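Across the two complexes that follow, chain A remains constant while its partner is chain B and subsequently chain C.
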Partner chain A sequence: MFSRWNWVACGFCLVLNICSPDASGGLVQSCGHIIPESPVLALGSNFTALCILNESCPDFGNIYASQIIWKIKNRVVPKEQYREINRTVSSVTFNDTSLLATPLTCNILEDGQIEQNIYGITVTVGLAPEKPKNLSCIVHQMSRFTYVMTCTWDPGRHTFLDTQFRLRYRWPEEIFPDCIPKDVNNSCTVTDIQFFVNTEIWVEATNVLGKAESDPLVVDPINIVKPLSPQNVSVSSGLLPTILKLSWENWISNAVMTLKFNIRYRIVDDTDWMEVPSEDTASPRTSFSVQGLRPYTEYVFSIRCMKEDGVGYWSDWSEEKTGITTEDLPSKGPPIWRIIDKSHSPACWTVHLIWKALKPFEANGVILQYEVTVRDKSSLSSPVKKYNVTSTNYTLQLQEGTYEVTLIARNSVGVSPPSVLLIPASNSKAPVKNLRTLPKHDKLWVGWTAPNSYVLRYVIEWCLVSSSSDCIIEWQIAPGDVQGVELKGIKPFKCYLITVYPLYADGQGTGQSVKAYLKQDRPSKGPTVQTKKVGKAEAVLTWNHLTVEEQNGFIRNYTILYKTIDGNETVVTVDPSKTEYTLSSLASDTLYTVRMMASTDNGSRTGPDFTFTTQKFGKGEIEAIVVPVCLAFLLIVLLGVLFCFNKRDLIKKHIWPIVPDPSKSNIAQWSPQVPAKHNFNSKDQMYPEGSFTDVSVVEIEAEDKKSFSEQDLKPFDLLKKEKSTSEGHSSGIGGSSCMSSPRQSVSDSDEGETTQNTSSTVQYSTVVLNGYRDQTPVQVFSRSESTQPLLDSEERPEDHAGGADSPAQRQQYFRQNGGQDEINTDRPCFERTKQITHANEGDLVGFVQLQISGQSSQPLGLGMEKNTQEAALSNVLQTYTEGQTVRPETVEENPLSVDEMPKSYLPQTVRQGGYMPQ
Partner chain B sequence: MAAADSPSAALRRRDLCSRGIRLAGKMRADVVDLLDAYVEQQGLDASASVAVEGVPLAAVERWDEQTGTQRLLENLAAYRAFRALLAQMLEEQREQLGEADAGLGRALAAVLLQVSAFAYHLEELLRLESRGVPGEEEDGPPPPPRLGLFEQKLRGLGVLRELAQWAVRSVRDLRQLAKPSPATGAAPALAESP
Partner chain C sequence: TGVVPFVALLLLQRRPVAGRALLVTGSSCSSHGLCRSNVQEQTRRQVAVLNATAQELFSLYLKCQGEPFSSESDKLCNPAGIFFPAFRVNRTSERKEVMVAMYKLFAFLNASLGNITRDQEELNPMAKELLERLHNTTKTTRGLISNLTCLLCKNYNIFQVDVRYGDSSKGKSAFKKKQQGCQVLRKYVQVIGQAARVLLPHLSPS
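For the complex of A and B:
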């Protein structure tokens, strides 16, 4: 039976051996191994490993320890660290495990050079755990009956190894389960905490390299409790306006521990907390009345607790609860001030009473109304006026005088103490002295020196100075014993006008003002400069002051910077009060660029560039050149005139040829064809177009041509007589240079028919003004106005002008008509009898030719009044009309009517020195 | 006696008494709360009168005539008995309800811990009086007999009620022990303490 089981067993083993041929040596035949296998080493310690070879290695044959090479992560370990223990065992030693790396392999050199790995191990290097330190525990109350204890500690250095921490605690005779932290290594929370028993608590740290325990902490958990904060806190107002009562519930029963409390509170808009003295709340309680509060003020309360004996931890602060105290009387009267408007009438004031609403802690409730009482102190009989106002201002119309204004504020509980403001008739008291300002952080401090008299209080007014809007006054009152206040709400970079008034018991001092900035900046823009006047070497610059909004500070100075295009910039500093400056020493005819910079204490700002060019010549230079030149010219002209005057005979000889004297002529010398030639005095021939633009010819027709010749002798006789008495009154062909010859000129008609047949009409002369230059000396006679009477035999019918009643009437006049006449009347004229050379012949615009028969005419001066001339003409015309036929033959291109003509025909006297006929 | 004479021993005793009093007070509060939960959870009548055998009674005649040591010994014997009873109750509770009512089990375990802690306080006080602490085996009550389910509930109610009574008495006993006046303490050892 036994042998049969043996055979079965052997057969089973055989099957196993067949199925597992390498059951004894494994599937891979190892040629050696390393001791120790995968060690964990302390960092910094020494380490020795052994490589043990199998003597018969199927793969490599016989191998020996001398062939072994140790490697650390493919790096060969120096041979010095090897030691051949025997033929098959080699060791390697590392003095410092920090130099180790993994894996550590044992290798052999086969066939001299081929390296084959025999075995390898993984080396783990780390540290033993340090002793945990700073163990502390706190018991948190989670609910009314639930407490947990959380302990924390310092785990020490990192071990590089898996290290387990556990919190252990025990009673002397009872050990509790360990607390193993999750995910952390420095804290753990215990849930089954029992109070009033000293508990020993410690921490144990363990890894493969060792174990360490912290110092034990022995504590009664009741002494490390952080309780829950009181709950259901409520606030209720009491009977007094300064008390609020707090009530709450505690989470912890007195059986566990008794509590003390902290109560803090603050006004709802404040951030600073106040605390009830801790000794007042050091005993267990569930309510407390907080006293000393402000009336009608909303407070926020919060409370916390801890173990009564102070051992343990304070709870968190409870949720905040608010409560409002009840109202009380206003504690003070509102500060009051006034603004008096006397602009309408100095005797009738518009008084704006303004006051500040009481602060909440002063109002002690809701102010329902203000009661204003005004009493005229200058008139005791005047009734006291009362006004109820709900706003904080009131406007009164008052006569000039002294008034006492009383203001009280009323709330639901009662009225405030009165505020009294005295409005004197004049602010004649002493003002404050040495008013000054100083920025202090975000406030502007205003200081002054008090007057010598006792001051009740000061009123400080201030307003933002603006160029675009009125100054809106803000104000505040300071007690009389201070000499400075801080103004709030002052904006930086803005100009403020600050005025301080001292208020006395019997009056008011005059206000002292100062301008101030809380903070200055550089101007927001620079001045815009331009030139007012530019000269050769100077330029007057003008600019406007910056507006107060643009200044951002006190303008300390202006700086003018100017330069030429390629020149250096010149800088000039100008007083800030000026708006004009003259740049001097500039180069002439040069382009300058100028800009202007305004500076405050905190910087400067430059305005836009402006360019101008200086002038080439200075003032008076042109005059200095032109005037001498003109003077020189005039001098030359004058010299020329003088020269000409001195040489006038010579010049006359060349310019005015000597006209033959008819007195020396004889009739035989008169050419018979003269009359025929004389016909040229028909209008077309005598005054060809282009020579005259306006010619008037007055033709006086004689009634009987036949009687003409017969009656002519008489006038000629008379003429002889006249010649003897008035030589200057001869008719001339040229007239005066101003065409206002006193001689009458008589011309024939257009038809060339001079039919002056009256006995008094004699053709005395014929005037051809423009033709004389072309005349031959022979023709001169026709224009000669000889005073010699013509012989009868010499006289031709055509030459007979109308007979004149007197020699004077025989005179003929001609003169230029039109406006020229008026001008020339004021000028000295040269009278000529034989030939007229008009200096400006081309300027003639009109010509009047007149034939006068039997008309007496007195020569008149050239300066005769116009009306005189008109009257004379009128007489002439009237005479013509009555005694003769006077017909205006042609009036061409001359708009003057006959009535306007007389000036042209007025007889003119020969002035003294005038040109006398020769 | 020598130990009691030293200042540190006196402080230690005062500390033990103080914390013992507060522990007893908390234990009473917890037991009262536990009683309510227990009655409700077990479906019992809170007003039911229960007399359970094996539960030490707190009431004693001539309490004020007891010595300090005597008070400590009686307290220690009672709380050791309660410790055993509560441990049994906790085991029975787990058997009955499993983890269904973990809160009641935790409360029982907490009271059990407090009973153990109080017993430890008493032992420490006895050691301070240089009195040997009696062994539990010789003074401990016999293991309670196995009872039916309802009887277990009633016995549990009785244990908790009596424990609450003992907590009150223990507070009074420890306060008596903590009094410095020798006249109030019949026990010489305690009378000598400061």
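For the complex of A and C:
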């Protein structure tokens, strides 16, 4: 089918002069021609063409019909379609013109099989016009007296030919000029029409293949009029507040056409139109009073018209006109509610009365003021308080109690019925049950189950929950017989807190609250997670709840997603109430990436990634190593201490041998005859407070002895003399306990010898400067065998104080355990000596045992200082030890010192490492 | 056929012929089905329309002609001196007689309104409303003639009606043209009212 039409189209459009300069020139043309010349054929019909040759053709000589070849375009027509009429005429027949193509040419085959064109024609194929259908007409009113009639029709199939359409119309006795469409073939507009005359209208389609007429449409043009809409519409208010009068002008006189009308109206802010019942406006008119309107309401009106009998078309709606009805009494009292603030004092309420402005259809005018009346129901004697308010709220200071608040609204016409609100002392009545919400389109429906008691009405409070601002309460009142309301103005993705209070005749029920969203979305951001504590195999994650603005819905759960750098992601779902979670079974010393996702019913949002590294050691592992080690160390130390304590005597023997305290010596009181009278063990008696009670021993290591110069050792020479002197005090008590200490101070190497010496009778002791641990001693004081009693001068050392300036004096070095001396270590020589001096005033006996330690050089330094007391002591020694010679081997190199040393009573030969009895 | 004489009549109306009787010839009504039962009502409505608009047309005509026609219409527009078809029928007249009289009246008016319209297009080409009203009135009378022809032919088998047209205004002065139009319209206002009243009982829906 398509090829057929395509072919037809080609045939229709192509006008090819087949007798092109060489073909249509006179030479060839003179040889013959085709009839019919350029025919227009009906599609699908038969067609026969004749090629008539000239008797004599100057170019080809004698040619005959038998030589003719028919061609369509360049395609040879089968011989079967040829017919040789006579010697010079050949015909070709096509049973279906749809198979034709153009050009159709007549050719001859010359000698030598050379094909020569004789003639050619173009063939146009098309269709006769179809009968136009669906003719319809409409008369448009253009002005008061001008009408045009536009008729449309279905032109039928495409004919592929030039087809003319014309709209024809006539009266019974008159035919009008045809209406010829411009640029279209399916409509035409007639400007010369006349009402009240039956007019026959039809469409005539014509082309070369034929003519077709539509069915005639006989119509009185008055019956197909679409009039202009009423003009100059105006609205005026009537005497009643529910009526507005609508007036207009018609474009058509009643003589020509009586009209009926449609009136529609709406409140100016509404979109829905209301219509005046059509039967009320079915008669011709130019005004109409619309009733049943709301007082003080602005209405929009529009009107249209059509022929009264309904034959024809409605006009367009007129332009809209507005009008306002007059005021009337407010139809109801304003809805009132209260907010009670008891924060200052439970007994003193701040009551915020709030009420809603009446809707326009309730206010019925401009509300001039509200009148609030407050009655204290708990005290009948209290006066009724009245307030005139122009706003929609009022704040009262009331004592705790039950109050009845009455509110009326006043406009220019009068007052509304009162609205009564009971403010009970307590809201202990039954609440609503099963409070629930459900989004419905763009509104949020709140439903509840009514309490068993009769409810006057319900108050529904709601507010937008915000983290940054207070909840601003909105509210509305629902009748007591409903169990659900739709909240308007609810924004999607916002959280609302909705509370429902039932109001009873004698009180108020407890409010029930629910949170709801009109529409949820996924959170606007994800939680930011971080670690609170990271261990070896666990990490405590913490996060903050999303703000309500960020949630966009109810957070159903949190999802923790964590993974190592190259590991699979692990997902943990956490209850939305949590803000902390402990990841366990983590690998130690591993970098983890964790992020957190918050999910609502409508999607999820993931927060930023957070990385942390688990610790290499777990909690307590280090402590588990260190503490036992420390404990073991302490134990060892303790055992060592205990050991030492148990072996203190032995240790003391080696480290701190007991040196007999000269101060304890009571040799001054000693009397050989009454030794038993002296209590040597009584320190209280022997050592009064502040007395010299202890003596430090300085050891001089043997290896250091060589570093001591002879000068340094001079004091020891003196000490040796002093020792000789002191020993003089202890002479005669060689078997006493006091005498055992000197022996213990002797080095271990000399112990045996010392023991041996102890067994002998020793009258005086000599300080022996022995070497430590088999080292060569520098100087020793050996025990003297002298038994000579102390001189009186020894008991009164103050008598020798004047010799303190002697250059020959030597320093004695003591370490005392006396408390007052501990802080005087920097200057031990003077003050200690002085104390000693004081002590000696009483009972101090200048017995000194000095052990020089190799680790200390203090005695050397100190030995260079002059000590008066030492000098005095030296003088004493010089005085009473003259004649005694101490000859330590190391001292022999200093004859001067030897000469200056005080002499003991008996010369002693001191042998290295010990002492010898004299 | 019946079409020919009416066409000729209409053509003659376009070329006003004063005081000349026209013989309508023919032997039968047109056979097509346009002459339906509603033609009677259509005719009544047409007369009603003409009656409703005639006074406005006349007033507007006077207004558009300026002085002295605006102020001296009674004198200048007195139709006594002009030809106007006699309309001597009343409610009791036979219906056929009424129809014939109506035909003669509206054939005359159609021709006269054609002349007046032509003259006003020349004299007051800017008076759009007047021209519009004249056109509409002329068209209405034209339709009315068509309907009356249908009724006469269909109901009374009348094919021929003698019609006389008024004097042609062609070649007359502007004043005379205005005055002639004024006179015709004034008479028209009077007669159309009478015609409407007469026609009402005859053409009311039965």
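We take it that the second predicted complex is superposed on the first by the 594 of 918 C-alpha atoms of A that agree within 3 Å, B and C clash if a C-alpha of one lies under 4 Å from a C-alpha of the other, contacts with A are read in each partner's own complex, and residues count from 1 in each chain.
Here is the rule we go by: a residue touches a chain if its C-beta (ideal position, glycine included) is under 8 Å from a C-beta of that chain, and two chains touch if they have at least 3 such contacts.
Note that the coordinates shown come from a computational prediction; the quantities given were computed from them, not determined experimentally.
Novice: Would chain B and chain C fit next to each other on chain A once aligned, or clash?
Specialist: clash
Novice: Have a look at where A:218 lands relative to chain B and chain C in the superposition and call it first, second, both or neither.
Specialist: second
Novice: So, does A:172 touch the first partner chain B, the second partner chain C, both, or neither?
Specialist: After superposing on A, A:172 lies in contact with both chain B and chain C.
Novice: Would you sort A:200 into first (chain B), second (chain C), both or neither based on which partner it touches?
Specialist: second
Novice: With both complexes overlaid on chain A, does A:192 touch chain B (first), chain C (second), both or neither?
Specialist: So A:192 meets both chain B and chain C here.
Novice: Quick check for you: in the superposed arrangement, does A:145 touch first (chain B), second (chain C), both or neither?
Specialist: both
Novice: When the two structures are laid over each other on chain A, which of chain B and chain C touches more residues of chain A?
Specialist: C
Novice: Touching A:361, do we find chain B (first), chain C (second), both, or neither?
Specialist: In the superposition, A:361 contacts neither chain B nor chain C.
Novice: Kindly classify A:256 by the partners it touches after superposition: chain B alone (first), chain C alone (second), both, or neither?
Specialist: both
Novice: Which partner does A:633 contact after superposing on A: first (chain B), second (chain C), both, neither?
Specialist: neither
Novice: Do chain B and chain C touch any of the same residues on chain A, and if so, which?
Specialist: Touching chain B and chain C on chain A: residues 145, 171-174, 192, 194-197, 220, 222, 253, 255-256.
Novice: In their shared complex, at which residues does chain B touch chain A?
Specialist: 19-20, 22-23, 25-26, 28-30, 33, 106-107, 109-110, 113-114, 116-117, 120-121
Novice: Under the touch definition given earlier, write down the residues of chain C that touch chain A in their complex.
Specialist: For chain C paired with chain A, touching residues are 2-3, 6-7, 10, 30, 32-36, 38-39, 42-43, 45-46, 48-49, 51-53, 132-133, 135-136, 139-140, 142-144, 146-147, 149-150.
Novice: What does chain A use to touch chain B in their complex?
Specialist: 145, 171-174, 192, 194-197, 220, 222, 253, 255-257
Novice: Can you list the chain A residues touching chain C in their complex?
Specialist: 143-146, 170-174, 192, 194-200, 218, 220, 222, 253-256
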